[in-house]
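Scrolling down, you'll hit the structures one after another.
Each of the two complexes below includes chain A, the first together with chain B, the second together with chain C.
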Partner chain A sequence: MDPFLYLDRDTFVHRLDPRTKMFLLVGAFVLAFLFLNPLYGLVVLAAVLAFGALARSLSNLGRIRFILVAIALVTTALWCIFASGETPLFLFVELEALLYGIGVALRISTTIIAGMIFLSTTRNEEITTGLVKLGIPYRFAFAVSTALRLVPAVATTGATIGQAQRSRGLDLDEGGVLERVRKRVPLLIPVFVSTIRSTNIFSMALESKGFGASPTRSYFLHLEMTRRDAIVLVVVALLLAVALYLRFAGYGGLEGVTR
Partner chain B sequence: MVFRLFFGCGEGDDIAEPAISIRGLAYRYRGQEKPALDGVDLDVAEGEFVVVMGPSGAGKSTLCTTLNGLVPHFFRGRIDGEVEIRGRSTRDGKVGEFAREVGLVFQDFEAQLFSTNVALEVAFGPENFSVERGEMKRRVEGVLGRVRLEGFEGRQPATLSGGQKQRLAIASVLAIEPRILCLDEPTTDLDPVGKLGVFEIASELKERDDVTLIVVEHETEETLEADRIVILREGRVVTDRPAREVLRDVELLQESRIMPLGVARFFHEMGLWQGQLPLTPAEGLREFRQRGWQIDAGRHRELVAEDAEREEGYGEALIEVEGLSHRYPNGVVALEGVDLAVRRGEFLAVLGQNGSGKTTLVKHFNGLLEPTEGSVRVEGKTTTEQGIRTLGQTVGYVFQNPDHQIFSDTVSDEVAFGPKIRGLEEAEVEERVKEALAAVGLTGYEEEDPFGLTKGERQRVAVASVLAVRPEVLILDEPTTGLDYAEQRSMMDLVRRLNESGSTIIVVTHTMWVVAEYAHRAAVVRDGRVVLSGVVREVFAEEERLRDASLRPPHIVSLGNALGHTVLSVDEMLRVAGKGER
Partner chain C sequence: MKEIFTMWRHTQMVVLVALTAAIYAATLIPTQFLPIIPGFTNIRPANVFPFVFGLLFGPAGAWGSAIGNLINDFFGTLGPGSIGGFIGNFFLGFLPYKMWGAFFRRGEDMEPNLSSGKKVVVFIAITVLASAVCAVWIAWLNDFLGLLPFAALASVITLNNLLAGVVLGPILLLVLYPRVKRWGLLWTEIMVPDEVPAAGAAFLGNVLVWAGGIGGLIVGLVLGLGFYDQGLAAAGFATGAAGLALGLIMIPFLALIVIGSLMLGGREQVEAAEEDAGHSRVR
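Now for the complex of A and B:
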């Protein structure tokens, strides 16, 4: 199984400097959290998805579709129950509460999707090098990229261990909540043991390849801000400015919700 | 060459400093009672190729980690004595500094590859040493050429085969341009042709670049190229002599729990004295012919007849595979059009190189995977309608890495897990645990902590925990990987006993001598198809076709094939060979 989310494609987005992509990511977060109105939220989501399509990186969303749908449904449902508004819709649910729920769900989904597109189009090493160029110490930048790598690696080990335990008759999908948690013990212990073991070898291998041996370091990846990056940065900055102006002018909010 | 030999022989001469000099080295990990190394003295000359052998727990890996200072700097423990790399003590510098001198490649190659493509993986070392970019590019190119991975620069390491990954791990260390290269069991997880590739590269490095090589290896057939063999036991050097001399010393190897070369052992048993022993199949063939020995065709026919008799003895078909294809969600076709039947009582080996699809195939037998096309029937019913939980009663599956399934505090809890989860009564569970532990020879280990056991013992716990469910069929994925020769033997003897007492056995492996000596039938998988299957003797007669699937029979089988009669072990060879003095 593939321990990385990165999709090796040759697109306009892939060729952007990682620093530009980090700015894009932050920009997407700001846009997502700026507007509560689901209509505006949908526009932001559509823009993010269009960008993902441009990067030919939407296939990775399939990996997390279950989580995305689950989070969206649960968020919407919870706010329907806990928020209240003015216009009754059905039972005890008001229109404003529903819209608010959808708005929050869109925010969360958009941030996750934007993050996924970022990881699908940016190499781990590019993230490290980009962070270093932004003034972050190398060791810290390396730790960030290692953590990003660890998540899918643990998931892969977990899948193997799950197969091994299911072969022994473990049925994970039966019983109540407590029962289900208890049933995961046979998965967790081997996952911990294997992860600790391979992390140990990993750090030995790092030392053996001279990690941190010399105070300075060179980089194989050559990062360069091109005109392409400049254009993208300007466009995104303008977009943000317009969005901020709209928001402060009173658009994109949601009236009549009380939490 | 001449110079190297000269320097290599001069013990303690002051013309050239040895690449590695170890004096009175002892090391004990913190919290361990027994020392891992206990008074090791070893000199390795510049350009020498030294193979280190020895049983599990002899201190081989610890010795490797002393070479670049991981011991004592990385591990906690108590060190005595001195390790000098080209005159400099490893106590006097950081691991990173010695990384320039000594390249260390670990056994577990998966855990040491972490980059998103091959070129970046190789560049990581030079980056750490601030090598300038142009030079770095040159090195990446040169090193990839040396390990035969040209054109793979942009590939993701995860998509490479086992052999390619191991070669990449070597390349990533070579890019730092160390003068000494230490490989810790580089071929353990590789198929025979992958193994050969690693050793070819090692020899080339030695010849071309005069790199000093220290290789830990447990398969004797791979050590023929070495200059010297060092045998460790319980942290001490027990033998340190020229390689061919050690390989001819059949009794010494057997005592040291190392598998002797098949050809050497055969001629040794035939009464040749040590100095005359041929080592390779080619040398053996020449010797055999020169001495005018013959294969007794009549006795060989007996062997074939015994195979046929065994074939008759099997029961009905337990597992029937028809037109099986499997496509993974990402579109990769792992299996295509596989037909296979396993009868009750068989001992089947599924062979193939890393990534050939052999594990995918057997995962269909217990319902872990479902066919994309075709069908798999177990006891007449398709696996899809039975489901994994029901199938688990009939088909037990022992995974390759015991650490992927062990989680209990005691051995008996671990073994009891399967029966308990199937709702058996306590008395019955106890009975099953007792029976399973007895079967794997772990009676008396009930209250032990499984994590404190050796790998071989943990492997047995894993087998016992599957046996406790009393399955008809037992699938073992790579049951001998990571075990030393004695442990491999005892593991396979155990599997054979289970087979003789009625279990149907399916072993997935690429350890060829295990197949030759233990399995009855073999199925060779290549690129998702079964390209060759039948009685092991017939399959191993087809050396060419095996080689196409990256497999190579053991030396003794090759010798037999060259003599026109396939034998599967040294004992069979002894049975059919006659000195032919009529």
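Now for the complex of A and C:
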């Protein structure tokens, strides 16, 4: 099982420094949050999708399509209930509440797609090294990086234990959703035990390799900000400045909604 | 709270952070497709882990829970709401070990197992509190960002955490505690007393965290569900700013949780473990 979204492609976006891509991600979040009007939200979503196409990473949309559709429907429905407006539409739903729901659904979908593009174009090692270069303590970054690499191994252990239980007659695929969840619960204990018991050996292996022996350390992966990164950063900064100007000039808001 | 920083000195604790995060993420990811509120929360039996990780591995369990939840978001739901998930899940693992010591007197058996009726009651109480605190943090941030209503998210997260913790927690702890103890991996055995703060005012800290967690949940639900006139809650804000008002009203409750946590200790648990180890060696 590969739970990760990274796609090994040779694109302009893949070649960017991970710190630049982190800045792009934050920029996409800011853009998504600036505009609540669904029309403006659609423009931001289209821009993010175009960037995803440039990065050749939209094939991952298929993996999260269920989540995206469900988010759109549930978020719109929830805000139709919890928010209110001035123009009655049908039953207890007002037009402004519906537009607000759609705006928020677009906002959430845009941020999730932006996150997906970031993860599709940035390897785990690049993320952690980028975080260290941005000032995150090395030991913390090491724990995140190790956890990321161990997730498939733990999932494989879970699958192996599941197969062992199946060979003893446990049917994990029969029954409703709750029944299937209940059947998987006994698998949690062997997964925990088989993983945690390696802690001491893992720690000794790390220390024998000099983990933490020196406050400064070198890295196998060298990150370097290039002119390409600088150009992208300037373009995104300009885009953000224009968007902020438009928002403060009164564009992209939604009037008459109370939440 | 200094132990959440000093623990990084110990290689074993760093490894425990990585392993607990990996376990939590690997057991959360398969249930991403059983959503309750899509993109925000789903049926999560794996939510039992933060309680157990917290009690057994202390601050390493808290960091592991936070990172594990973040990695789960890496599977397709990474967004600004992930910050709330990180903080909420950190507290889900942080409060169990932090609050545990506040319920036992010095000299009393405070090993993190369920060997007495009192310990079972304390475990359930802490599970209720940590579930509420986790929900308040996540729902507050998401409501503040205008992503999802506080009431919908807080109630679902509290129940989701609570069910996993109360139903599965005692079973997991009964099975896992002896093994973790035998392997010498309890946080109280790895850390030394100087790295953990002594309880300044454990009783007051205990009360403040309860007031912040349960009080915040109740006030947030009352305001969010409209049982109380939001006009007053939004006093001083422009029309449509009740959501912002709810976000601001919750800040004192969040502050109570943090201030209360600062008053709770943890050193007494480490010292008790040291004394216990000393007695074992003498025997």
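One rule holds in what follows: the second predicted complex is superposed on the first by the 186 of 259 C-alpha atoms of A that agree within 3 Å, B and C clash if a C-alpha of one lies under 4 Å from a C-alpha of the other, contacts with A are read in each partner's own complex, and residues count from 1 in each chain.
As a working rule, a residue touches a chain if its C-beta (ideal position, glycine included) is under 8 Å from a C-beta of that chain, and two chains touch if they have at least 3 such contacts.
Computed from a prediction, not measured in an experiment: that's the story for all the values here.
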Looking at A:220 after the superposition, I want to know if it touches chain B, chain C, both of them or none. Which is it: first, second, both, neither? first
Could you tell me if A:257 is touching chain B, chain C, both of them or neither one (first, second, both, neither)? second
After the superposition on A, what does A:228 contact: first (chain B), second (chain C), both or neither? neither
Between chain B (first) and chain C (second), which, if any, makes contact with A:4: first, second, both or neither? both
State whether A:210 touches chain B only (first), chain C only (second), both chains, or neither. first
Just checking: does A:163 make contact with chain B only, chain C only, both, or neither of them? Give me first, second, both or neither. first
Touching partner for A:15 - first (chain B), second (chain C), both, neither: neither
According to the contact criterion defined above, which of chain B and chain C contacts more residues of chain A? C
A:189 contacts which: chain B (first), chain C (second), both, neither? both
Under the stated touch criterion, which partner chain does A:171 make contact with: chain B (first), chain C (second), both, or neither? first
Where chain B and chain C land on the same part of chain A: residues 3-4, 146, 185, 188-189, 193, 197-198, 202-203, 207, 211-212
Chain A touches which residues of chain B in the complex? 65, 68, 70, 74, 94-97, 99-100, 103-104, 106, 108, 110-112, 114-117, 119-120, 123-133, 136-137, 140, 154, 156, 158-159, 172-173, 176, 330, 363, 366, 368, 388-389, 392, 396-397, 399, 401, 403-407, 417-418, 421-422, 451, 465-466, 469
Chain A - residues contacting chain B, complex: 1-4, 6, 8, 123-125, 146, 149, 157, 160-161, 163-171, 185-186, 188-190, 193-194, 197-198, 201-205, 207-214, 216-222
Contacting residues of chain A [partner chain C, same complex]: 3-5, 29, 33, 36, 63-64, 66-68, 70-71, 73-75, 78-79, 82, 104, 107-108, 111-112, 114-116, 118-119, 137, 139-140, 142-144, 146-148, 150-155, 158, 177-178, 181, 184-185, 188-189, 191-193, 195-200, 202-203, 206-207, 211-212, 256-259
Chain C to chain A touching residues, read off their complex: 8-9, 11-12, 14-23, 25-27, 29-35, 37-39, 43, 45-46, 48-49, 63-64, 67-68, 70-71, 73-82, 145-149, 151-152, 168, 172, 175-176, 179-180, 183-185, 224, 239-240, 242-243
